[in-house]
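Here the chain labels run A, B, C and D in written order, and each chain numbers its own residues starting at 1.
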C-alpha cells in the first residue's frame, strides 16, 4: 500500500479538532481534502462547517453535508432495537450504532469523488477508531485510512491550539481552557467521558447532563403515552403516525422532560481498558422498554429466549465495530425473522427518571386469557397434562438422583 | 410405584387452600400428614399454622416450622444474584428461587420422619408445581408426589369453601368472596397474578401493591446509600456489616420507601402459556443493580461478557425449576469462579421508583485512570498499537470485501 | 376437545404394527381411516401397502402413497446439512429430520379429506411420538392426535400378533418370533435399536447393519470423488449435475460400498432416558464432511464460528421435534444467510469406513495464498501489525495480571 | 517501557531458526540470553541444544532443558479433552495447547534468573506469536517481549542462512535448500504447513506425514482396545494403569500403526487469514472419541448439551491463545464440575485410518436398560406421561399456530 494520498474524505464536524485535522492533512499529505458532515440529529447547526471548510480551501463541490437522520434511525437504530441490545447489561449503544453509517457514507463519497483515502478524528485509545476503520475496510478493502491522532505529534491540547492559531483556525473560547469532559451526540444519545468523570467513585456532576432534566426537577405528575409498533418497529406515538426519526425525536423530548435515560457506566472498551462514561438516551430508553413490552405478548417463548441468548453477542459486535460483518448480519437475519408479528401498542408511564410499562395489546397477541385464567377455562388446558410433563422432565434428574444422592 | 401412602409431608402455609389440602390428604389417602411451614420472610405469623395443624389432628412432633431466611438469601438468592440473572430481561425470579429450598427442606423432613410422599398446594397451570416436583424428584427420586390441584374435584372456589366448612376449617372473611388476585411472598419479592390482572392492557390497580409505596408518594428527596460486596456477595449497608437476610431486609425497607422494584410483566411460563404478573422486588432490585456496579470495576471483560451470555440460560433454568440440575450447577461453578475479586463498594441513589449507580470503588479495581486518561498517560498505552490491532481485526473483513462488495 | 373422531389420517407403512393400528382405529374409534404412506427412500415397495389398506376396507380415494424423496432432501436434509448439525457431537439426525415432513403431509391430507384426527405408530418411550405430534399441533393446533401405543392394551408382541390373527391381518414370518432389533429407514439413514443392542458394552452384531458393507470387506483401493456445491447445497457428483435426492442416493451407494457412516451411539432422548442406537448414514456422512470442506474456504471466520456455536442448539431442536418452531426458523434464517457464497468443489477420498477431505476449491474462496505464504507476500500483510494486535488483546490480561498474580 | 534489555529467556529448540535468534538477540540487544528447551514429547534429542547453546556462549546455569511431558498431558491436554474441544469442528488443537505451558515455564525461568525479557521464534503471520505473548503478558504483565521475526530484516531464508554462516551457526544440510513445508510437534500432534501445502485443492503429498502410516498400509485386521477413565481423565489402556503422558504415548503408537488421526484442514487464524494445515494427532484422535464414549453413559443430558454448546467457544479461546484468561478458567470450572462421575471403560476398534466406539460401561452409568427396554419395564416408565409431556411442549406451538397458520 503506497503512502502517497491524492484525495481524502474526512469525517468533519466543523469543530476545532477536525478543523486542525483538515489543515494537517493538507499539509502533511499534500492532498486534497473532501469534507463530510453528517446530520445525525446531534442538534448543531451544520452550515458553519461549510463556511469553515471553504475558508480552509476545500472546494465547494467537495463539501458534503448530509441529513442522515431518517436513515440512521430506520436502518441502524431500529434494527438494533429489534434485538433489545444492551452492552454489558445497561448501555444502549448510542455512539456505537452511529459509526457504521458515517463510515458507509464516507466510502460512498470517496467513490463519488475518486478519493483514495479516508480520515477521522477519533483518538487511539477509544472504540470509535475501530468502528470507523472496520467499516471503511469492510466496504472498501483497499482504501487508505488516516488516523491523525495516532500519527501526529499534537498530543497535548496546548499543541493543538498552537497549531490552530498558527493556521488561522478559529479557536472557540470554551476550548481554550481545558474542557472538563468530552462528548458525542446524535439523535439516539449523548455520551460524556473523560476528565471530571475519570474517577468512577465520584458522582457525575450535574452540569455534565445536557439532554435530560434532573429527575428531581421533572414534573410531579406522571405522563402516560402509547407507542405503536409494526413488525418490530415503532410507527406512532399516542396514536399519531410518525417516521422513525420523528418518533425518536418526539420520544427524546418526552424523555428529556421526565429525566429519563441517564446512565453512569464503567464499561470495557474493545481496545482492552475500562472507561467510565455517562450516557443520556432519553427516547431510546423509553423505546427499548416499549419494544420489550410489545414482544411480551407477540413473541413466542422459543423466539424470545433465543433472542435473549443472542442479544449480548449482538450488542458486543456492534460495540466492537463489527456492524458490517457476516456474523452481525446472520444474527440480524435471525432477529428480523422473529419480528413479523411484533405489532401492537404499548402503554408506558413516564415519571421522575424512569419509564414503566403499564399495558400492552396486539392484534397478534399470543396471550390467552382463556388458557391462563384461574377460573374455569372450559377445557382449554388440561391440568393433568402437567403431571406427565413434569414426570418426563424429571426422568433424567431421577436417574441422576438414584446414582448420585 | 404404589399408590398407597403412609405419611406425607405437606408444604403448609396455614392458609385456607393448604388447610383444605391437609384434610383432603387425610381423607383421600388415609395417611398421616406432616406439615412443613417455612419462614422465608413472607412477613406472616407462622405460629397460627401450628395451631391449625394441631386442630386438624397433626401430631405435635409432625409440625415443622423453620426459619429459613438466612439460608434462603445466602444459598439461593445471593448465588443467583452473582449471575445477574433476569428472566426475559426483566424479572428477578423471586418466586422461582424460593421453591428449590422448600423442596429440599421437605425432602429432609420426609427422610427424618420416614414419610413416603410429599405434597404441595401449587395448581396445575403454573410453574411452581414444576419447580417443587423437579426438586423433589432430583433429591428423592422415588418419593411419591401428590399434587391435589391436579387430582381433586374441588376445582371452583365455591367447592373449596364448601369442603372447608364441611370439615370445620375456618374460612377467613376475605376468602369468602372471590379474591381479586393471588399472591406469593418471600424476603425477595411479592408476586401477584390472576383475575384483575388478567387483561395485560389494563394497568395494575394500585391496591395490588403491598411491598412498595407508589413512586408518586415516595420522598421528594433522593437517598444515597452504599453497599459493600465481598467475593460477589453483599456484606454491608452504609458501612454497617449485615448478614445476608438482614441486608436484604434492610434494602427491602429502603426500596419500599422509595417505591422501587415494581414490575408489570407478561411472561412465558414453562408449561407453555403466557401469564401476566406484577412483581415487587424492592431490595432485590437495588441489590441486583449494585452487583452490576461492583462487577463493572472488578470483572475483566472476558469474564463479564461470558457471564452476560450465560445469564439468560441460567435464569431460564431457575425459572423452569432446574435448580438441582447438573447444568445449573455447572453454570454456577463458572459464575462463582468469576467472583473471587468482586469486592468493593457501590454507591446508589434511590429516588421515586428507581435506583441509580452513582459511584463504585474497589481494592481490586481493574479500572486504571492512568491507562484511560485523555491526558498524558506516560507510556501506559501506545496509541500506535491500535493501528495493528485494527488492521488484523479488519483483515478478514477486507478479504471478504474484496470478494463480495 | 371431543373424543369422537370421524376420520383419521394414519401414517401407514403397510407393516404389521401400523396394520394393527389401522384395524384398531376402525374398531375403537368407529371412524374412517385414511392411510398415508410416504416414499422417503426407505427402499421398500409401497404398492403392497395399498393392497393391504384396501383389504382392511380403506376406500381407494383414501389411500395416499406419495414420493417425497426430493422434497425430503431439498427442504429438510439439505437445510439441516447447511448447519453442520450433529446431535451430541456425532449423530446426523437421520430419523429426526424425516418426521416433520411426514407430519406436514399428514396434515395436508387431513385438510384435503376433511379428517379431524391424525395417528402414528410411534411408541410412548421414544422421540418420534414427540416429533410427529409437535408437527401436527404446530400445523393444525386443533387436530385430534391418536397415539395407539400410549392408549391400547396390546403391550406385548404376543398380544399384538393375536389381535392381528384375530382380524385377518397377515403376519410376516419373521415377525412371529421376537425381532432382534427395531429399525427405521429413509434416504438419509437407517437406524437400529432395541433388544440385541440394549447392552451398550456389547458390540453391535454384524447382522444388524443393512446399508453398508463391513469396512473390512470394503475395496482395498481408495476412491476419490468430487462434490460440487452451490449456495450451500450439493449439486453435482464427480462433475455430473444431480437433483438433491439423486445426489444423496449416489453418495449412499458410494458410502455403502466403502463401509462409511456406521455409528454406535448412546444418546439422550428428549423424553428423559438414554438409549443405544446404531446408525448407518453412508451418503450423509460423506456429504456432511464435504460441506465442512467447502465452508472452510468460502466462509469467513465470524460466520463460521457463529455457526459452530449455534449448531448444537439447532441440532437439539431438530432432535427434540421442534422443526416447526420460531426458534428453529430463526436459526435457519441465520444459517441460510451465511451460505450465499458457499459454492465450489470438494475432493474426498473414501476408504475402508471413512471419508477424508483431500482438496477444495471455489470461485469465492477467501483463502489467499498471497497473504498466508511463508515467502515474500509483497506487502499483503505487515507483520508489525501483529505487535499492536497482540498488545491490545493482552491489555486486559496485563491489567488482570498486575492485580492478581 | 524501556527498550534496554539485560537478560532474556528464549524458547530455544536448538534448530537453525532459534539458534540464529539466540545470536541475533546477543548482538542486537547486547543482552545475556537464557535458553529454555522443553521436552513436550516432540521426539527429538534435546541434549544437542545444550551443546549448541554453550557454543554460542550461553552460561551452563542459563541453559534449561525440562521434561514437561507429564505436566503437558495432565494439566493441559487432558483438561482440554474433558471439553471435547474441536476447533472449527475438526481440529484437536495440538499446537495451541502446548504454547501456554511453554510460556508459563519461560516466565518461571525469567523469574528464577532475574530476566527482564522473553523471546520466541514464532513468525508475525501465525497464531503462535499470539499464544506465547498472551501467556507472557498474563503471567508477567510487565515483561519485555522480543519477537525477532517481527523486528529483524532476515526476512528471507537466504538472509537467514547467510547470517548463520557468518556467525558460525551450523546449518543442517536439509535446511540449505528451501524446506518443502514447516512442522511443529509434541506428544499430542505434529502439524505441517506452508509451501507444498499452500494450494488447498492439491492433495497433501505422502512424504509430509511423519507420525502415522498411510491407512492403506495399516494392518488388515482391526485391533480392539479399551481405555479406562476416572473423573474424566484416561488412566489405563487395555486395563494397564498408565500416567497421562505414558497413556498418550501408547495411544500414539496405536494410532500410528493404524493410520489414525490425519487431518487436512483449511482453518481461520486469529490474525485474520485462512491457512491450510495438515495435522497428525494419532493418540489424541482415539482419546477424544473414547472420552465422548464414556460421557455418553455417565453424563446427564443437561450437562452433555451444555458442554456441547460451550465447547466451540472454549476451543476458540485455546486456539486464539487465551488459556490464561478468566473466561477460559470459568468454562473450565463448568466443564470440570461435570466430570465427577465420568468414570468407566470404553472399547474401541482401530482400523485403516479410523477409530470406532464399540462398547462402553461404567459403575456410574446413567443408561438404564430397565427404563429404555422395548419389553416390559415393570412400571419404570409410564407411557401415558408422554401424552402430557407432548401436550405442554406443544402448547405454545398451538397458540402460535392458531395465530399464524
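By definition in this document, contacts are C-beta pairs under 8 Å (C-beta built on N, C-alpha and C of every residue); 3 or more make two chains touch, one makes a residue touch a chain.
Source: prediction; values computed, not measured.
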Report task. Have a look at where chain A meets chain B and say same if over half of the interface residue numbers show up on both copies, different if under half do. Result -> same
Report summary line: Taking each chain's mean CA coordinate, chain A and chain C are separated, in whole Å, by 42
Query - Euclidean distance of C-alpha centroids - chain A vs chain B, Å - result: 32
Report summary line: Whole-Å distance, C-alpha centre of chain B to that of chain C, is 40
Query raised in the report: So which stretches of chain B touch two or more other chains?
Result: 268, 271-274, 300-302, 305, 313, 325-326, 366, 368, 371, 381, 384-387, 389, 392-397, 399-400
Query raised in the report: How is the touch graph of the chains shaped: line, ring, star, complete or other?
Result: complete
Report summary line: chain C residues touching chain B in their complex are 300-302, 341, 364, 366, 368, 371, 381-382, 384-389, 391-393, 395-397, 399-400, 403-404
Report summary line: Per the touch rule above, chain C residues touching chain D in the complex are 84, 88-90, 123-125, 129-130, 133-134, 137-142, 147, 149-150, 155-156, 182, 194-195, 198-204, 215-216, 220-222, 262, 264-268, 271-276, 292, 296-297, 300-301, 304-305, 308-309, 311-313, 316, 322, 324-326, 347, 351-354, 356-361, 365-369, 371-376, 381, 383-384, 386-387, 389-390, 393-394, 397-402, 405
Report summary line: Per the touch rule above, chain B residues touching chain D in the complex are 1, 268, 271-274, 299-300, 302-303, 305-307, 313, 322, 325-327, 329-331, 333-338, 379, 392-396, 399
